[in-house]
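Both complexes below contain subunit A, partnered by subunit B and then by subunit C.
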Partner chain A sequence: MMLGQEHAQELGEHAAGAAEKFDAGKTIIHHVSNSPIDEPLLHLPKIAGIDLSVTKHVLMLWLIAVFVFLVVTFTVRKFLKQERPIPVGFMNALEALVEFIRDSIALPNFGKKWVNVYTPLLLTFFCFIFCANAIGLIPVFEVLGLLDHFVLHTGPDSFIKHLLEGGTTATSNFNVTAGLAVITFFAIIVAGSRAHGVVQHWINLVPHGLAWPLYILLIPIELMGMLVRPFALTMRLAANMTGGHIAILAILSFVFLFTEMFGRAIAGVGVGLAVSVPLATAISGLEIIVVLVQAYVFTLLSAVFIGMAIHVHH
Partner chain B sequence: MNNPLVQPDPGLFIWTVLTFLALFALLAKFAWKPLLEALDSRQQGIRKALDDAQAAKQELERLEQESAQIIRKARVEAEAIVTQSRADADRLREEMRQKAKAEAEGIIRNAERQIQLETSRALQQIRAEAVDLSVSIASKIIQRNISKEDNERLITDALKQVEGRAN
Partner chain C sequence: MPDDERSTPLEQSLEAFQETVRKSGPAAMGSYSLIGAIILLGGIGYAVDQWRGHAHWGLLVGLVLGLIVGFYELAKAVFRR
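And now, the complex of A and B:
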């Protein structure tokens, strides 16, 4: 009850533009970034100075991992349990995906010998990143928020209120994408070492048979390249996933900005219906493509980098 | 750094690595490896099925060719048999006709010879009969009027006359 009043008051403030001004930048950042680490969903002890508390994005990672694991394993197990392996229903889509990643990403980069060894990694990358990207387009928590506001009426410190804090897209957080890129970074080293031996892998980093002064230049460059690749993966995915959401939220902010500007809710709603909703819908359509493409790009580039360690040519 | 967008969060980083590795390990073990194996084996199965179908098709073609050849051969043989039997029949018919003709000719010739024989025998009989008859007639007419020598002469003359007429 108290909360309802508070919210009504908040709305009133927005509409009247009286006490607290609507800060579009702050609101948007709040909606795309992680929930604050000092107010986590679940407090966990610090280990070696690192706060392992469960924030919104950690929870999202878990949910996605469980979701991907259950869906994929259930589908594959059902498919394999059959006497004759005939794909039905969702298995058709999964099989198309698996064969696409195996035949057009893994095979050209890894070659026949390694294709079945590293394809599972690529498949996991794609499924995990794709689901993490895509869940940002589905307003699950917004629906939960509506439910809470109109039906449940939980207190301001409830778990649901905490759940509503922060953005949904874990892959828009560069800490998450850095974690994924580090997997690629080590996969490159492991693949190179398995294909050529540990020592030879590091020798392969620079082309052989050059005059020795060149190596003074080349070795730092190649070492930098080794680090730049995962860094590029990190930033590309995080920035892409953040950018689209910021654009959508900025356009939706027009509703509140115009309401404040004219002091009337009707102005905001009008602009919202005429401009914001159509534009946001269009950008969401674009986002669906971006979500797919970024998952694909991360997978493809990981495959290319791993392939470069397996088939060395300068 | 106050902007939460660029706030480093080592905890989240570690959770990402752990979560992803766990998901990867589980999926690889329970889904991807068996699935990739199944897809590979199915691929091989399809390749084998196609090869088998190809082999079966070739075998069928071979059998078809063989059976066509057999039929062709049989037809040629049947034709030869028919031709042969037609020729045989013709020859047989001709032979029988010849034989029948010869037989008929033989019968006719026999009959003719018989007829001639009978005719000449009949003529001789008629002639002897005529002599006896004329002798008896003559002797009746000239009984005792002539001597035995005259009689003999007359008979011979008469015979000559008869013979001359008969010839």
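And now, the complex of A and C:
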């Protein structure tokens, strides 16, 4: 009887040990994905079966939208109130960005007639995606978590504890990038319809002057192609933003994996100092470029797609 | 004095990088559309299989359609004047 009890206790301890074992995959996914919908930051009612509760990525989207709106509006209004319209400081950078997007992305794709019509859309895309990407590299909530752990000591259900759930990069969420791509999808239709008329835009989807049996093949292919373009935008941005973070976290997880493998903390610390931290720092440096390039590529591809609807060539 | 002589090597590198990325826009569109078409239509086919209980026919048809649409989009990007 005693032996049975001891065996059961041993099994229980073993099970507890196994439960505490470091699971790199689970930890990484927890750190890049959105906070769970059943533990939202703000509870909101369901409308038409859709839970409208605010998760971490939704909060990030709101914060970024407010940040971009306030910074740009404040800077431009301040500039317009000046007696001499000479841009200085941040306005200088903003003007350079606007000129860059207009001259190197919008103008070659839209042409002179439409450049000023669609440049604001591209600028909004670029600023919003850039800020959303960039904030993922800044450990704002992690610092808040440290402050909470050592100073504030809030309860387990506090707002700060919920903020520590999930990742901060909203653009690594497929729903966010899908939302942005849907805007591009409708922008393509609007741009084509404004340039050629509603009916002619749909006629322009397929090349003219072909034998009629070919149209039976081409019309469904073109319609499917219409859906593929926003999907490609969605997939590309979200995958790129998730990939970089997964790479950094995977390299940092070596510390815990080696500690577990050798049963000594010094092994993990050694691997961390020699490999993980330098490599993660280097990849973080690379991520700064990725943040810029991904915002640029999304904007560029949106411009190419919209430009194709305006200037139809088959 | 030409621009190249005035700008620093870093500026020249960044300008070259920017020019490369700008020119690669249509090519990137073609390649992403190819991959996107295969994943999207293959995924729809797989979802139809799961829904209707077919044995992989939906996935197969979806992948073939994805290849056709993807290569059509790629050809449009490559041969666009």
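In this section, the second predicted complex is superposed on the first by the 295 of 314 C-alpha atoms of A that agree within 3 Å, B and C clash if a C-alpha of one lies under 4 Å from a C-alpha of the other, contacts with A are read in each partner's own complex, and residues count from 1 in each chain.
Quick note on the criterion: a contact is a pair of C-beta atoms (placed from the backbone, for glycine too) under 8 Å apart; a residue touches a chain by one contact, two chains touch by 3 or more.
Source: prediction; values computed, not measured.
In the three-chain model built by superposing on subunit A, subunit B fits alongside subunit C with no clash.
Set against each other, subunit B and subunit C differ in how many residues of subunit A they touch, and the higher count belongs to B. Of the two partner chains, neither subunit B nor subunit C is touched by A:L107. In the superposed model, A:F174 makes contact with subunit B only, not with subunit C. With both structures placed on the common chain, the touch criterion links A:I189 to neither subunit B nor subunit C. When the two structures are aligned on the shared chain, A:V293 is found in touch with subunit C, with no touch to subunit B.
In the superposition on chain A, contact is made by A:V98 with subunit B only, not with subunit C.
Judged by the touch definition given at the top, the superposed model places A:G225 against subunit C, while subunit B stays out of reach.
In the superposed model, A:M235 makes contact with subunit C only, not with subunit B. When the two structures are aligned on their common chain, the gap between the nearest CA atoms of subunit B and subunit C comes to 13 Å. Interface residues of subunit B, counted against subunit A in their complex, comprise 3-17, 19-24, 26-28, 30-40, 42.
For subunit C in complex with subunit A, the residues that touch the partner chain are 18, 21-22, 25-26, 28-29, 32-33, 35-37, 39-41, 65, 68-70, 72-73, 76, 80-81. Of all the residues in subunit A, the ones that touch subunit B in their complex are 29-30, 32-34, 36-37, 50-55, 57-58, 61-62, 65, 68-69, 72-73, 76-77, 79-80, 85, 95, 98-99, 102, 116, 119-121, 123-124, 127-128, 170, 173-176, 178-180, 182-183, 242.
Looking at the complex, you find that subunit A touches subunit C at residues 104-105, 108-109, 221, 224-225, 227-229, 231-233, 235-236, 293, 296-297, 300-301, 303-305, 308, 313-314.
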